[in-house]
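One structure, pasted below without further comment.
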Amino acid sequence: MQVNEFKPLIVAFCCNWCSYAGADLAGNNRLNYPADVKIIRVPCSCRVNPMFILRAFQRGADGVILCGCHPGDCHYTSGNYYTRRRMAALFSMLDFLGIEKERTRVEWVSAAEGAKFAATMNDFVEKVTALGPNKRLEDLRCKR
Amino acid sequence: MQRVGVFVCWCGSNIAGTVDVQAVSEALKNEPGVVFSTNYQYMCSQAGQNMIIDAVKEHNLTGIVVCSCSPRMHEATFRKTAAAAGLNPYMVEIANIREQCSWVHKDMMTGTEKAIILGKAAVAKVNLNTPLTPGESPVTKRALVIGGGIAGIQTALDIADAGFEVDIVEKKPTIGGKMAQLDKTFPTLDCAACILTPKMVDVAQNEKIRIFSYSEVTDVKGFVGNFDVTIKKNARFVKEDICTGCGACVEKCPMKKVPNEFNLGMDNRSAIYIPFAQAVPKVATIDPNACNMLKNGKCGLCAKVCAAGAIDYTQKDEYIEEKYGAIVVATGFNPISMEKFDEFAYNQSKDVITSLEFERLTNAAGPTAGKLLRPSDHEHPHTIVFVQCVGSRCDSCAEKGKEYCSKICCMYTAKHAMLTRDKYPDTEVYVFYIDVRTPGKNFDEFYRRAVEEYGVKYVKGMVGKVTPEGKKLKVQASDLIANKQLHIDADLVVLAAAIEPDQTARPLATMLTASMDTNDFFTEAHPKLRPVESPTAGVFLSGACQGPKDIPETVSQAGAAASKVIGLLAKDKLTGNPCVASSNELMCNGCSSCERVCPYGAITYVDKEFRMPDRTTKVRRVASVNPAVCQGCGCCTVACPSGAMDLRGFANNQIMAEVDAICK
Amino acid sequence: MKVSYFPGCTLKNKAKDLDTYAYKSAEALGVTLEEIENWQCCGGVFTTAKNEVATKLSSVRALKEAAEKEQPLVTVCSACHNVIKQTNHAMQNEKEFADKVNRYMANETPYAGEAEVVHYLEMLRDMVGFDAVKEKVVNALTGKKIAAYYGCLLLRPSKVMQMDDAENPTIMEDLIAALGATPVVYAKRNECCGGYIAMESPELAKKNSNEVVENAKAAGAEMIITACPLCRYNLMKNGTDIPVVYFTELLAEALGVKEDTNA
Amino acid sequence: MHKTYLQEEIIRMSGVNPSKCMRCGKCSASCPAYDEMEYHPHQFVNMVESGDIEPLLKSESLYKCLSCFACIERCPRGVEPAKLVEAVRLTAIRKQGANHMTANDVPALLDDEMPQQAIVSAFRKYSK
């Protein structure tokens, strides 16, 4: 029973131009996904500093997902390519540190893909829930 | 410490149906900095906005959090409200508890819980907000068009038509570009000169347009609305304003053996020359590499025959500095060199020519006065082989040629083949093709006519080897449909050479900080939605500099670029986005990481003096962001190893505070 | 200047001229050719299959010896050059293949393509210099119209061979010009003569060779030079009425060292 | 699409990616042995790509390729058809008793002038 009650804490960074709008569209279409997902708006996925992700895990997040425009469609031309490269490096390092690859993800969601946004979040939450709580990086001193 | 007011919107039942708004406003009351918290049915209504204005005044609020619908919906509304209350509009944060909360969750408890967390994140962020003011910059109401081909001409005419001044910079002695060299144009077969030269005259006569011919751009500084451009006017040794273009000098010039570049070297011109009869400006130019007077001071004949006294052997290059509000790149294309494709024997035989050379051979103003004659012996060719895709669609590992499809070759080859069969029905015409690509209005019909009505022999296959032997060109090719190797004795072989951007494009892109792809084509701000703008604000793209294009496409893009320029020049002032990057000079170590990732070239480096603790002065190289150019993506902030670079409105500590608030 | 030298099977009997004049000319130009000890036949053709190891070992042995002596490995025959250069390229770029070879040969220090494979023509162009060759010419071949026949193996695949532009080469023409003669350029100079197909399908070799010779003659050639014994055989056998000689012979003649050989 | 073992083996041995082919036919246009072949260079590429390798293994075309590398040199897509021909040929002759030429065949094919190089090369190509 204990396991079933685990509710993961998911931080989602969404770029203002595609994915945040995609999340809004999911809302407009009333497409459900778990409330465990909390969205932070950034101008571009490339604005997401690896520090933010480390901080989230340190503070007890169980999964972090980045959503940006599809490659080639970045509002700022090339931002999401940097995201892709940076996160590939960061995620493999996190994997090495024991943050399983399933806890981190980069997904391309356009402003028209409300359904994809909801589906992605459902899938991500399901995968993270299956892994259970993140204990590896969590800093207990941060707990209130 | 901020004094934050929280305003939770019910949005009728849209939010209140799933979120306990009362509980949210209660919960947020205890957050740091919050001095006032309330909820209301419709925050965006006049009554709701007045409630905010009153609360700001009553509680001396310095920051506002609205828990409502998406910021994409009403952020602008609430910013105006804040401004009306005397606050900086950027002191407002929105917690999206409708689209991203009440509408996607069904359960009141989880909805409320999440809404509180989103509210807390917004409060945490607004606590760190700082007042932001968008910069304003004036707009110089003049445009620069670089390149005077059909793209540049059309752009300039359209901009001038809207009443703005335009300058065209063209590196050749005349405008007209590649189109001036063409004979007929597909798919209507009207003659290129007949439709182009009137436009060239329009340009010359338009009082809003200045032409800097035989000139090039050597330096660009500044940013959108305020470019400072240096134009180098090469010495043409003829006073442009005096020369009447009578051509007496050209006739008398004794140095007549200079390869004529306008006819691609298939005939000769004199050392002083006018490229073609309809040149604009119609003035003579002296080729300093060929002129005896300029090389060794012996001749001076042209000066003697010039009645107007326009010849000036002492003319020097001239540098002109001018201000522009917008720049249009229209640098066009060239066929690639055939040097590395000698299986087609281009270097071994004069009778193997490129398609552009074929245009000149069939042009009435060309080296053969329009008669189709072999370059080697001036005999009429009876068998002509056209080879398509020479240097196009090559894999990068083949180490020669271009990876892209040059787009225009299928159509002009069909045109050449059709015109040849039309004028010389005794000629056998073969076209070797890989695919025939004819996506365009009336294009496929045109190609089919070449086959069905004019009897052009289209062969699916490629030419493998051309062997000049005697007067013939032995063509060895494959016919993949017949599954045969063909051996054709041809008189003329025409290669549809791939096209590439002009060589001046790369240095120009560097000057403009406009980005290019690996093929040196300029990239668009957005491949689908902003196809005529470069990612660098104020720089626009017209014609083949952005990718291979035919004339109708080039003209459409030229018009589109002009309309974008007009839209920009119509403004008196440009209001910037205040959410831009800025660098903390004390922390910056001048490493250039940010400059490298910036897609807009907004970051430059300046040497600044710093007072050191020991009272000495040290000069350090630090990053400096031009707020008028920065678009606020924030890529540089992540690239910065020292944390000096930050983004206003989405600062590191703000996002970190949101993360903390969510993860509590 | 001392270089390692790989003559190849045919150069010690049927194509002795190619070999002897290579020695004579090198000597005249101040280059000492040091023959690889116990060299073995290269096999004549390079097997492009990546899992073919044994047939490439003889090349690797020669390469390794040159590398140990820190000398460039000079070849004359087009086929040897092609096989050895391609093998070296594979040793440099195909790790799996190189590992197999090194284990097979039980090399204490693994060989990874360190040697530089240089064709005699490249040696003349890049190490001696055509200008220096020109200075040493005693019997300028003035007025002779000579066509260079490259065939296939000397130039292709150009990505590996890196000798010259595979479609419009000039190295032999430049040599002809340096010797005082007039080079004749013709398109078929890089088309295949038929090669070893002469054994099984002599008619194909005949057809190809004829086309080459006809094209050279149409361009005004009075003589053809080549670097490959098999090319020479095919061109000669298939009815050319103009002489086909090895480039080393022409070189020796111009340098005035040919008579010694006959004496 | 599922690849057969033989197909994968040919692709691996040759290092060629036949799906890079854009069907221009320049290989077959360049081939000096074209008329001697039952399957032409562009067909080799196409048949390996579609897994239709058995007919190639049985074809005399395998022994007509001159290894002159013209198709490799001129292919605009870097497909290198001759390497496919070589891989198929090796697959054929590596089988027991499948040598295309044996030492007994040689004397009849020789003449006085024939250089060793021709015999050596032919053996490399025709037998294991």
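A, B, C and D label the chains in the order they appear, each numbered from 1.
In this text, a residue touches a chain if its C-beta (ideal position, glycine included) is under 8 Å from a C-beta of that chain, and two chains touch if they have at least 3 such contacts.
In this text the structure is predicted, and so the values were computed from the model without any measurement.
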Exercise for the section: Write down the chain pair with more C-beta contact pairs when B-C is set against C-D. Expected result: C-D
Completion exercise
Chain centres from averaged Cα atoms put subunit A and subunit D apart, in whole Å, by 53
Handout entry: Centroid distance [mean C-alpha coordinates] between subunit D and subunit C, Å
Key = 24
Fill in the blank from the handout: Whole-angstrom distance, CA centroid of subunit A to CA centroid of subunit B, is 35
Exercise for the section: For subunit C, jot down the residues that touch at least 2 other chains. Expected result: 167, 191
Problem - Multi-partner residues of subunit D (at least 2 other chains) - result: 70
Practice task
Find every residue in subunit A that makes contact with two or more other chains and list them.
Solution key: none
Exercise for the section: Mind listing each pair of touching chains for me? Expected result: A-B, B-C, B-D, C-D
Handout entry: Complex interface listing, subunit D residues touching subunit C
Key = 12-15, 32-33, 36, 63-64, 66-70, 72-73, 80, 82-83, 86-87, 90, 101, 106, 109-111, 113-122, 124-126
Completion exercise
In their shared complex, subunit B is touched by residues of subunit C numbered 159, 165, 167-168, 185-188, 191, 211, 214-215, 218-219
Handout entry: Complex contacts: residues of subunit B adjacent to subunit C
Key = 339-343, 345, 347-348, 399, 465-470
Completion exercise
The subunit A residues in contact with subunit B across the complex are 9, 11, 20-21, 23-24, 26-28, 30-33, 35, 38-44, 46-52, 55-56, 59-61, 72-73, 75-79, 82, 86, 118, 142, 144
Handout entry: Complex interface listing, subunit B residues touching subunit D
Key = 343, 389, 393-398, 401, 434, 460-465, 476-480, 483, 485
